[in-house]
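Both of the next two complexes hold chain A, though its partner changes from chain B to chain C.
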Partner chain A sequence: MGHLDEQFRQVEDLQDEASPNFVEEVVVVFFKDSGRLISNLEQALEKYPRDFNRWDAYMQQLKGSCSSIGASRMKNECMSFRDNCGQRSVEGCMGSLQKLKREHAILRQKLESYFQLLRQVGPAGAATRPAM
Partner chain B sequence: MSSTNPPSATSHVALTRHPLEHGCGLSEWRSRCRGTDSTSLKNGLLQASAPSIPLCCLCPMSTTVQEPPHVLAVDDSLVDRVVISRLLRSSKYRVTTVDSGKKALEVLSLGHESVQLIITDYCMPEMTGYDLLKRVKESAELRGIPVVIMSSENSPARIRRCLDEGAEEFLIKPVRPSDVSRLCNRAIAAMPMR
Partner chain C sequence: MASSLKALLVEDTAVDRMVLSFMLRKFHCEVILAKNGKEDVDMFLEGNKFDIVVCDKDMPIMTGPEAIKKIRAMGATDVKIVGVSADDNAMEAFMSAGADDFVPKPMRLEVLGPMIQEVINMKNN
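Moving on to the complex of A and B:
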């Protein structure tokens, strides 16, 4: 499965001359927001042991954000965490969270490279401008 | 004006109401001009090019520019607020975003006449989108504002509840730009004139 699904393309389609950096802006917001949610969840795991309802509520928020930008692998780990909450498995939840954090880091790295590459390539058409 | 005679473009200009602040009065046109083909009506009016008719951005019949519709978007998710606000702006709406039902009601109490549509997430802490919908529909001042609900849960019971309570539409998240702009256009066009 790819890291990003069709929803990411929908977000890309919203970028235009009026909002030329929209995708990168959304991605920055996403990583800040998801970082915060993961950190809140980790605190809740310690402070509220076996409080599966609370843990699930945090994860529902995170899943929503992942879904909105098309982060499909992260979304899958969110769903797996929620399944583990449903099964009341602390070990399962911890395992899913680790995988989620890994996918989070991988996606951040890949998107950073992607935006860097876009900047190097420059605006569309620049590469084809003949040298004078 | 008789409904059997094809009206002249000028007489249609005189009859048309396009208050500056609203969406499209197309249904008003058709009910007044029964028996006339609406396409030739449109053409007739465009030819008349009356500068006095304000432009409704949803209606092809008017000629001057007016204020785009104002949408109030309610969502506790920051990512979703960013996406939805861009999406609505790219469809030429004016957007105000808030992160809670409580703030939405505050905005509405300050200036409900300016809000043409409310689009709200269902799952929010403290006041859900459903609670907000109820408050809007129970209020004499607010109940004319169409409300669209968004939710990541595809629950028929939830959808039914919202539609029964008066929601115009129910969108499943993640919302797609095409869905939102299509539904907003429809909800605003269907609104009674205010």
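Moving on to the complex of A and C:
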């Protein structure tokens, strides 16, 4: 499975001449929001031990954002975390969170490279999206 | 597709607000934003009229379904209300609150388009 699914193409299709940087703007907001949510969740894991409902609520929000930009691997880790909440497994939740953070970092790096490449090739080269 | 629909987007997550509002604008909707269910209800209390409301489920202060119940109770029965959520179990909550449709996130243009067209058709008739 790639890091991004078809939904990212939908987001790219929204970009037009009036908003030529829309995709990058969305991605910037995504990483700002997701970073904050992950940080809030980490604090909640410490401050509210075994409060699976609270943990799940944070992850529910993150899952939504991941879905909206097509961050498929991150979304899967969100779902895994929520499953672990349902099973009331602290260890499972911790494991899922670590995987989620890894995918978050990888996706950020890949998208930064992607946008850098787009800036180099210009609008004509943007027609072919590198596989992610 | 030409449209002069007035859309209210009720969404607390910034990414979803950006993507959904752009999608609505692609269909030439005028988009008004609310960040939670209470702001949603306040829009109606202030006398605003909308052709379509696209509403998230889990939001601070007031959830989407709670807001929808209040809006319908106010007599706003004509406005099309679409619930959207990444929660797979959200459909029941939205529909029992009085929503017309539920779309699991992520919203897609090919799903939103026909909904917008339906509202345009009803408005023209």
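To be clear about the criterion, the second predicted complex is superposed on the first by the 124 of 132 C-alpha atoms of A that agree within 3 Å, B and C clash if a C-alpha of one lies under 4 Å from a C-alpha of the other, contacts with A are read in each partner's own complex, and residues count from 1 in each chain.
The working rule: a contact is a pair of C-beta atoms (placed from the backbone, for glycine too) under 8 Å apart; a residue touches a chain by one contact, two chains touch by 3 or more.
In this text, all values refer to a predicted model and were calculated from it rather than measured experimentally.
Novice: Touch test for A:N76: chain B only (first), chain C only (second), both, or neither?
Specialist: A:N76 sits against neither chain B nor chain C.
Novice: So in the superposed three-chain picture, is A:D33 touching just chain B, just chain C, both, or none of them (first/second/both/neither)?
Specialist: Both partners, chain B and chain C.
Novice: Per the contact definition in the header, classify A:S89: touching chain B only (first), chain C only (second), both, or neither.
Specialist: Touch status of A:S89: no partner.
Novice: In the overlay, answer first, second, both or neither for which of chain B and chain C A:S19 touches.
Specialist: Touch status of A:S19: both partners.
Novice: Touching chain B in one complex and chain C in the other: list those residues of chain A.
Specialist: 7, 10-11, 13-14, 19, 22, 25-26, 29-30, 33, 60-61, 63-65, 67-70
Novice: Looking at the complex, which residues from chain A come into contact with chain C?
Specialist: Answer in residue numbers: 7, 10-11, 13-14, 19, 22, 25-26, 29-30, 32-33, 57, 60-61, 63-65, 67-70.
Novice: Considering the complex alone, what residue numbers of chain B touch chain A?
Specialist: By the definition above, chain B touches chain A via 76-80, 82-83, 86-87, 89-90, 123, 152, 173-174, 176-177.
Novice: Given the complex with chain A, which residues does chain C contribute to the contact?
Specialist: Those in contact with chain A are residues 13-16, 18-20, 22-23, 26, 56, 58, 85-87, 105-109.
Novice: Quick one: in the complex, what on chain A touches chain B?
Specialist: Its residues touching chain B are 7, 10-11, 13-14, 16, 18-19, 22, 25-26, 29-30, 33, 60-61, 63-65, 67-70.
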